[in-house]
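Both complexes below contain subunit A, partnered by subunit B and then by subunit C.
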Partner chain A sequence: MDDKKKLETAAPEGSAPYAQAPDTLLDIRDLRVEYHTDEDVVYAVNGLDLTIGKGESLGLVGETGAGKTTTALSVLRLIADPPGKIVDGEIWFEGENMLRAKPGRLREIRGSKISVIFQDPMTSLNPVYSVGDQIAEVIHQHEKCSREEGRKKAGDMLEMVGIPRARYDEYPHQFSGGMKQRVVIAMSIACSPELILADEPTTALDVTIQAQVLELMSELKEKLRTSLLLITHDLGVVAQVCDRVAIMYAGEIVESGTIAEVFDHPHHPYTIGLFGSIPSLDETAEKLKPIRGQMPDPTVLPEGCAFAPRCPYAVETCRAQRVEMTSAGGTHLVRCLAHQGVFQAPELMEEVRHGR
Partner chain B sequence: MADKNDVILEVRNLKKYFKSPTGTLHAVDGVNFSIRKGETLGLVGESGCGKSTIGRLILGLHQATSGEILFNGRNICEMNKKQLHALRSDLQIIFQDPFSSLNPRMSIGEIIGEPLLIHNKVHGKAELNAEVARLMDVVGLSARLFNAYPHELDGGRRQRVGIARALSLKPQFIVCDEPVSSLDVSIQAQVLNLLKDLQAEFGLTYLFITHDLSVVKFFSDKIAVMYLGQLVETADSTELFQNTLHPYSQALLSAIPAPSSRQKMQRVKLIGELQSPIDPEPGCRFAKRCLYAKERCTGQDLALRDFGKGHFCACCQAGELAGNPNFN
Partner chain C sequence: MYKFILKRLVMLIPVLLGVSFIVFSILSFTPGDPVEMRLGENYSEEAYNAMREEMGLNDPFLVRYVKYIVDAVQGDFGTSYRTSNPVVEELAARLPNTILLSVVAMFFAILVGIPLGVISATHQYSAVDNVSMVGALFGVSMPNFWLGLMLIVIFASGLGWFPSSNFDSWKSIVLPAITLSVNSLAMITRMTRSSMLETIRQDYIRTARAKGLKESVITIKHALRNAMIPIVTTVGLQFGFSLGGAVLVETVFAWPGIGRLLVECIKLKDTPVVVACVLVLATMFSIINLCIDILYAFLDPRIRAQYKTAKR
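And now, the complex of A and B:
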């Protein structure tokens, strides 16, 4: 892939080139979210474009403070206002603009068309209701059915996530962490949603339990054909569960594409830095290659490319202008001036060609 | 151990039981290992397996139920308060959570300097400040943070403060209890590199406690895998990964999601979840979750057996499983 080709397929302004796909389920355009505190304005999400197709699973990867959770909460309009505010953008879900939806409509969508799995299963469950009743509550909220039908369906859901129906009347404290997360997953699929937003669903779990939960999520995804937005900081989890991946840094997507595109040939210096930071199980390296410096302060984001202050390849131009996403071949998009041919970075290109 | 003189820390049949309303909790149950000078031993296991308890026992923060911890030949378990106090200048710990392990009312300079004052290592304010400034420089903290408070710092910098504090008394041995698990990957790599540099510079010995196998492989010379209070396998780092003998170590390895488009996750190689450490039955503690468990696995406790090249494993079928197509 040479640099000129990338320029030709540059994204038209205001819309991502993949936005017109007919089977798009969720389409986020130019989303901007700010948190206003007494002293500062935190720019959490800054012009984010994202689409998820029907039945597709997208991994949203980034470090603490990148704006991943804010993005997910915006989709369901769950940003606390104040201090949070969605200041600009559109969020289209099945042809409906979520940002214009009335509270009643939002209540209909939440839990039935779009459901959420949060990181901490301990705090997502109510300690004083039995787990079965909590699942049935979601069903009764959205479907007209008798108590017995609700109970039966909730029991079905428990079995689907690998918990015996006999445990219907038990309470959250009687379940281990992994089992609690299974209950939360059962709740999230109870009304056969179109889209599940999973915010770090396995971060609080041990690796062996994480592996079991990831296996369950992959199975359910195949079986139910539900779309998934998986938010995580773990590149391994994304590679195992998702079809596509979007790398987020300081409130914007810096690179996106299929798992093979991004994981085999990462293009953006930040993505390359992320991969260099994780110790590999296959090879023995003496030293890791970390990204220097820290995440930028979200109240005073750098002008131009937000990653420029930490980027080993950055030049003056990077700090001067906002960078657009451009194609790197296929569905692979990257937000970097070096890849637009604005300046020469032979070392970066060598790194990209070499791949992983 | 090839050279007895090299061993800086030796743990012999260490046990720590806690009383709980429902029975006795066997947090650490007959653990043996030794660490040589300048080496790093990685202690791996899931939450609740007793790895942090071992770290705390070594520092004398818990009183052992039985067993010995020999540090430079002296038994820590039998030391009195005064001896333990003196020991702290050789033995330090870096805690997991840099948010709760720093006093929010003390400035960074005060936090790093406190051990120096307690142990009378410096004389006068000028010497103290100079030493603190030197330590901050060693761990890569900018000097302007001297008067800052912990809440002004992000996780990575806070962990550097914790490391500077641990280094202040020029210890020989540091227990690192999950020092990077609360940090973002890019920051995690910076801190791991820093710990490696410090080890080379000051000849430090580490006990590195973690649940993250890829971190432990990168960081350790030797690895000990722990399950419900007991060691199930110990070996040199590369040997453990190339020639895994215990079904639990195997399950742990298979559970790591590979960050690669070509390696797909294997089927999970264990059943169910961690059993309760309260009044465990004799026999292999992993047997209930093990895919290969046989009758002989239960009934009597299993000791670590030598498989050559410093590789020890507690599984009674170890070595026989290599031919099994599901294994490896």
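And now, the complex of A and C:
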């Protein structure tokens, strides 16, 4: 009850009370999501801020358990409740706070204005309906059209993702993983959405198919001018597809900026660690360079900077106070006390200056 | 598909041969003399021998069995030792009653059980769920005959709403059908609930939700259809059991069905009737199972594909 009140006082009716850039499509503010189990509360997303502009594609990068999927599912309120609960925050989409949208309105937006591509194509299609019918279903849900029109349009979508129309009446089990993901993509673009949430769309596929699917997604993104939130833990994928990138750690964004800004000069020690863990083609490396340690237990998060326990540059202050995002020039934001000048970390600065 | 059905029907033949052989030998080798049963208390030795010869009981066991089978294949299931009527007539008088009772009971169990299970799953741990699960536990554990007696005490003797026996109007089927259905109802409800609970956690349900579909459409079109296989299996098994297992209910309500006939005839060593009854029940059980398998194919394209490849 308390949580609901909080939401209401924080978000009056109408459009966003914040100054938004005119071309902002999705604006997530201070999102907090928890999963309540019998024993514990898992703090999955902790005060996350994120914006996506019209036609922009943003890569959301982080390791497993960082809260990436939870963030994406929150946008359409698809988190299973129980156990999940969006306890605070606002998600503005075209002047509407999604967290306060009525169920009927939410259904209108789902699949038509915002669609989702899920991680595992093997399980995200219903095994008992033909792929064509599953695409037609979303069209019929959001557009008034006859059976024939729906069938024709669904067939068009199949062709757009490179599947012959003749396979309309086949079932998911007759498709390979990559083809299934194409079907899921066809389903997600069927109603020409403003925004596609792609949750690790290539993780479950093998490498050659990954490349094909990514290429298809980039192509469609250009053609349809759709915004994209691409969740992945693969920095290479982000560089290939995205305009901007946000690095997520333990439920919050630790660094964000354009691809050039973040990839050329990563600022946050975690981001630097991520890049450092990618083996280089030019050098001979005996061993990979992982980031030491584990992500903090999401049921007991550290007081201060969540990365401090693993950070080679951390000082006492890091463990004591919460860190805010600060600008690192341009649109580049970073959540690190060293970059705020709270303490001196010459080695870190050397890493940053050196870039990649 | 047709080939699959044909194959299954052909497979019925060895099943029926086996069943008839087992029943036939049990009745032949267990103590009790059908001739004695037929002649009653006082008879002369001559009469006994004449009767024994007439009934063909002096032939060796295998000869009798083969004779029976040869006749049965031609549609002659012999005459009842008990009434001297053709067995076919005896069965024809009783079988429709049993089928009627089972069908009504199963309809009731399905129409109530599946919706109840679906609601229990979609509203897990709600009041409806808790009540129906406790009810289902009672339903599974309550003996049929006791429930039948209680229903008679309350609704027949007490309130006088329904007759407790006799088979005259639609009213007389209400109490026996409810009694017979309670067990199946409980099983179907529980199976529907657990199967639905599993399906509604699947990824494709989340996909359906992300499409903007209504919850009712998601539950029925996407979840229930996928949850149907174990439910259909349960329905089929319960239907089969209710055909053969209606003995107690038929006895309590004096329902003139095949179950009661079977028990009477076993007691009196009326071999031809017993074997015929068992054959009929086995055939129906097999056909129900075949229907279930066909229904699987209808429900799930993956199973349909298997049938098709098996054909080649």
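Everything that follows uses one rule, which is that the second predicted complex is superposed on the first by the 334 of 356 C-alpha atoms of A that agree within 3 Å, B and C clash if a C-alpha of one lies under 4 Å from a C-alpha of the other, contacts with A are read in each partner's own complex, and residues count from 1 in each chain.
Criterion: a contact is a pair of C-beta atoms (placed from the backbone, for glycine too) under 8 Å apart; a residue touches a chain by one contact, two chains touch by 3 or more.
Note that the structure is predicted; figures quoted are calculated from it, not measured.
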Subunit B versus subunit C as contact partner of A:Asp234, first or second or both or neither: first
Subunit B versus subunit C as contact partner of A:Glu108, first or second or both or neither: second
First, second, both or neither for A:His173, with subunit B first and subunit C second: second
Partner chain(s) touched by A:Thr64 [first = subunit B, second = subunit C, both, neither]: first
Which of subunit B and subunit C A:Thr123 touches, first, second, both or neither: second
Partner chain in contact with A:Glu137 - subunit B first, subunit C second, else both or neither: second
If touched residues of subunit A are counted for subunit B and for subunit C, the larger one: B
Intersection of the subunit A residues that touch subunit B with those that touch subunit C: none
Complex interface listing, subunit A residues touching subunit B: 63-64, 176, 178-179, 206-212, 214-215, 233-240, 259-260, 263-264, 273-281, 284-285, 287-292, 294-295, 356
Residues on subunit B engaged by subunit A in the complex (per definition of touch): 46-47, 154-157, 184-190, 192-193, 196, 211-215, 217-219, 238, 241, 251-265, 267-268, 270, 273-274
For the subunit A and subunit C complex, residues of the former touching the latter: 76, 78, 106-112, 115-116, 118, 120, 123-128, 130, 137-138, 141-142, 171, 173-174, 184, 187
Complex contacts: residues of subunit C adjacent to subunit A: 202-204, 206-214, 222, 225-226, 299-302, 305
